[in-house]
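Consider the two complexes below, in which chain A is the common component and chain B and chain C are the respective partners.
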Partner chain A sequence: MMKGRLVPWLMVGPAVLVLGALFLVPLALVLLQSFGYQAVGSTGLTLAPWKSALSDPEFMGALVLSFRVALVSTLLAMALGLGLAVLLERNAGRYAFLTRLPLVVPHLVVGYLVLLLLGRTGLMARLGHALGLLAAPEQFPVLVNDRFGWGMILAYLWKEVPFVALMVYPLLGRGTAAWRDAARTLGATPWQALRHVILPLTWPAVAAAGAIIFAYSFGAFELPLLLGRSYPRALPVLAYQRYIDPDLGRRPEAMAIALVLTLAALAAAACYLVSLARMERALASVRRDEHG
Partner chain B sequence: MAKRAALRIAVSAFLLPLLPLVLWAFAPAWPWPRLLPARLGMQAWQYLLSPGPGVLQAALTSAGLALLVTLACVAIGLPAGLALGRHTFPGRTAVEVLVLLPLLVPPMAWSVGVHYLFVRLGLTDSLAGVWLAHLVPALPYMVRTVGAAAATLGMRAEEVGRTLGAGPWQAFRLITLPRLVPALLAGSALTFLVSLSQYLLTLLIGGGAVSTLPVVLMPFLTGADRSLAAALSLVFCGVGALFLWLTELLLRRAAGRDRAPWLHL
Partner chain C sequence: MRNLLQSSLVTLLLLTLVLTGCAGKAHPPAPAIDPAAADWATITAAARGTTVKFYMWGGSDTINRWVDGYVARRMSELYGVKVQRVPMDAPDFINKLLTEKQAGQTAGSIDLIWVNGANFKTARQGDLLWGPFAGRLPNFQAYVNAASPDVVTDFGFPVDGYEAPWGKAQFVMIYDSARVPEPPRSFAALAEWVRQNPGRFTYPAPPDFTGSAFTRMALYETTGGFAQYLTTYDEARLTQRWQPAWDLLTGMAPHLWLQGETYPETLARLHQLYADGEVWFSMSYDPAEASNMILKGAWPETTRTYLLDAGTIGNTHFTAVPFNAPNKPGAMLLADFLLSPEAQINKQDPHQWGDFVAIDPQKLPDADRQKLAGLARGPATLSPAELSARRVPELAPEYVGKLEAGWREQVARRAR
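Showing the complex of A and B:
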């Protein structure tokens, strides 16, 4: 029986080895180095890197910016994605390109799409000029490299709204439609049916997708680099700049910021796992309703 | 009716941002405030396809790298996905969490640790080092896609084969493997696209010695020539689209009318 128990471990062995050596060990090194382990000019373990990273005035600005962009992107993507899934009804097959396109267009290019559409000489500004709404590019609202982060938010939305719809869609089967129709027959407005029937029934999928989007948009590097401002930079960009600083003594600060990113991702992972367990139960009950 | 109109507006809003990108790629000049380019031309493409900017080289490097990452993910992810999908064993939950985390913990958080490690192992500034690093974000997609398919498959068909006299390897090769082909193809599409779009990892571990498409593209995106940047962006999307199209073609053949097992996150 010993052999039988060993087989699954042999099967997952290579994957565990790869992720252990290239993901867990590096994370442990980041943790150690954030306390000055083997850092340039450091003697033993110390809290100094954390102190200087967290007391840096740009850190607070970066944290607020990254958190705001991630939170607004996530909430809007959840709402719009649920809306899109509802609008698609039984037609998802015809609109398969909605989920294929964001898969094929990488984040860097999505950032450039936003720049060409909403930059101050972008297509929208030109449209405004053609309609006589503005005379010069400077009159167009700053939507790219702006203080709030709208450029980044819009880029994430383009990428993630179809993803939310894709996650929610399986929960919108006939079972959910039957509940909604029952609510409508009993006099609920379409809005009430959405709020009190469809939202509770699809919430696990919406929340699971939201956890993934929050983790991604909080920790992403490319889009803030392209669409962000030079001050404050987003948290991941700040960590990168600290890491490549010619003063190697600043690297432990980069490690401390990297750990802040890790902690946020772990919190999102916990939300995701809870939502996923609920989603599996919800899917099972949707299937029961469809067969019953 | 209102619903159909809303859907049409949503789809248009989604497609609209692609319009300026495509126009710019074929517009040598598009001065403010013109609504449409002054004239169309292939100048950007002629420059990009000439050997100077190294775009073709970068496209080949990117595609080759993504293909190697995908092959490694098939080799490592197929057994792991099978074990997670069909067996219960001590430590299974821990392995499942380990396979989930790289999807959520951003590269910026762990890649600096990989860099520290690879400097000591002499793996920085090399294609091999970048290949190893790309496995981390890519592998979970393969394991999870195969795992979900294996869980639905169960053990019954294979057990029937075993009862009829097939050896364990024979039963796997003739019964289980063919039914996992759709999941392997879907997983391959995802791992290829994940590897293709890595910017930070390639920049940090490759140190400029490994020029992939995103590394070559970034300076163009912040540069002044929008036509070049737009054309190169289309090349970048084209490589991913080509691979996705190929896998879907194979998928349709392999799965018949079955629905493709898309994202299993």
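Showing the complex of A and C:
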């Protein structure tokens, strides 16, 4: 009897321990510190760091920039990734390994690649000049450190499109193909087949991948630092600068900004969990059809 | 049952990991002396056979090579001490120390740090440094002019023996003499030059250390000199007077690299733009850096440095010992060696590093003084006399921070 009750606790023990020690406790500390707990020159808990962080005019700009880059990267990656998966399925996955390559390249390296390739004196600009397409390398469009954030978006796409494809590809097995073929036989155009058969069946995977990409790109530091602009800086860069500010009194502001990032990540995680549940159902139904 | 066993094992393993992780790594036994009271012979003896972990900014190959090569070799030959350089930006290791302080960690991992200015002040305010120790170093007693203002204070903040001087640096402008025959020697002239040569100049975005110094000199020139700011911090004094500096910098912005819509985030990035010929100027807080870049073949032979007519900012850089340094005797020994005539003269050699001495040449024996005077300078390095004739002081760290925030609001934001 005693043993029976103990077993579930022991089973979840490792997960609870890791989650608690490495995630929940630090998160609680960050929350406390964002209200001035243990801060230099602090006299107790106060709302001041939040007020100061959120009223900084750069904060709004940073929020808009981070949100825009994350959203555009996510939507484009979802669309292109689905397209890539469909292409791969058509070609029976012969070149699938090529599309997996970007998955193992770190974001930092991708950032440098974008800088070297697409910078104003980068490889593309010099090539364009050498081929006579540009009168001077400086005429190359500003794609890195640009106002909209295209440099960051391109870097994320290069990394995340294969990731979406990887998530979607398993759902494009025989079951989905059979349904698509059935639709085509009944007179659907390729577009209609995509819209009414493939998209509904793969949507959970696409959405789950999108939620992961959004949470990551909203909170990532390295690409905005490399490919962003001096003003406004992306939220994670802003948080880091507050954290290392020689004025230690600004540390709580870094914690407040970090919590804003955490909230966005949690929202994305909620989307992810919902999509995941749907994906499992979709996979189950596809498998049923494959075996049935 | 097997599942139960497995998960218990995993739990146990994780517990062990977490607990040992919290307990920290095992440290070599601390030398059984009191480094705050021991005499120098005792300290030297206690340091023998130990390793000193020297945390320092690692962005310069030249400096890294000097520490890993010459310093490590001589420390081993003279004292049997191993020097381990750990590259880390000053704000990062100050934060590390602060976190250790908050966590009550009395046995740290850093023995000596390379620090000055705002970071030193932060460290002192957070009570992160051990000392005072500088006055106990034999080479400090023998060769440093302890009354000199740039040894007594650091960015206007009292040193009080918690830092030992290591070297002196001064801001220089860098240009390619093949492209710019006569460089502009004031901010007014520079503003005119960028109008005529759009896209060929920019500066690192503050809070980059060098870019921040650049904006301070713009403040000096446009608001009537530095003397008015050599006070304890007075925010109104700065914000009521700084407008001309922002007008000048925003006026320049549309003619800068990328139309001033953005700025290089780091000095390294600006150096890269200069090496690529994208811009024709760079800048450095290290007067010998341009020569080193030429010697390395990274920059054109025609690269030269110059000073502004109104002077450029100079400062002293220091070493300090953290409150929880595990090897304080070794740290003191290294700080002392770095101040020795041998190391100071070697450091000023442009083929080694080219950083200026922190000791007073007048206190050196004749032979050493001649050796110092006879050192070759690199092709682009100005003479110590030229530099010291146009050397202006740094501001209190609060002014620096306020000015950096002001630049963001007034210049970067407006240029958007």
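Everything below uses one rule, namely that the second predicted complex is superposed on the first by the 265 of 292 C-alpha atoms of A that agree within 3 Å, B and C clash if a C-alpha of one lies under 4 Å from a C-alpha of the other, contacts with A are read in each partner's own complex, and residues count from 1 in each chain.
As a working rule, a contact is a pair of C-beta atoms (placed from the backbone, for glycine too) under 8 Å apart; a residue touches a chain by one contact, two chains touch by 3 or more.
None of the values given here were measured: they were computed from a predicted structure.
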Chain B versus chain C as contact partner of A:116, first or second or both or neither: first
First, second, both or neither for A:179, with chain B first and chain C second: neither
Chain B versus chain C as contact partner of A:11, first or second or both or neither: both
First, second, both or neither for A:241, with chain B first and chain C second: second
Most chain A residues touched (candidates chain B, chain C): B
Touching partner for A:57 - first (chain B), second (chain C), both, neither: second
Which superposed partner A:262 touches (first chain B, second chain C, both, neither): first
Chain B versus chain C as contact partner of A:158, first or second or both or neither: first
Shared chain A contacts, counted only where both chain B and chain C touch the same residue: 7, 10-11, 14, 18, 121, 225, 243
Residues of chain A that touch chain C when the two form their complex: 7, 10-11, 13-14, 17-18, 21, 38, 40, 57-58, 120-121, 138, 142, 145, 147, 225, 229-232, 241, 243-248
Chain B - residues contacting chain A, complex: 3, 6-7, 10-11, 14, 16-21, 24, 32-35, 75-77, 79-80, 82-84, 87, 89-92, 95, 97-117, 132-133, 135-136, 139-140, 143, 189, 193, 196-197, 199-200, 204, 214, 217-218, 221-222, 226, 229-230, 233, 236-237, 240-241, 244, 262-263, 265
In the complex, chain C residues that touch chain A: 3-4, 7-8, 10-11, 14-15, 18, 89, 91-92, 94-95, 98, 102, 117-119, 121-122, 125-126, 199, 205, 207, 258, 261-263, 265, 273, 276-278, 397-398, 400-401, 408-409, 412-413, 415-416
Chain B-facing residues of chain A, complex: 5, 7-12, 14-16, 18-20, 22-30, 33, 83-84, 87-89, 91, 95, 98-101, 103-109, 111-117, 121-123, 125-127, 129-130, 137, 158, 161-163, 166-167, 208, 211-212, 215-216, 218-222, 225-226, 236, 239-240, 243, 251, 254-255, 258-259, 261-262, 265-266, 268-269, 272-273
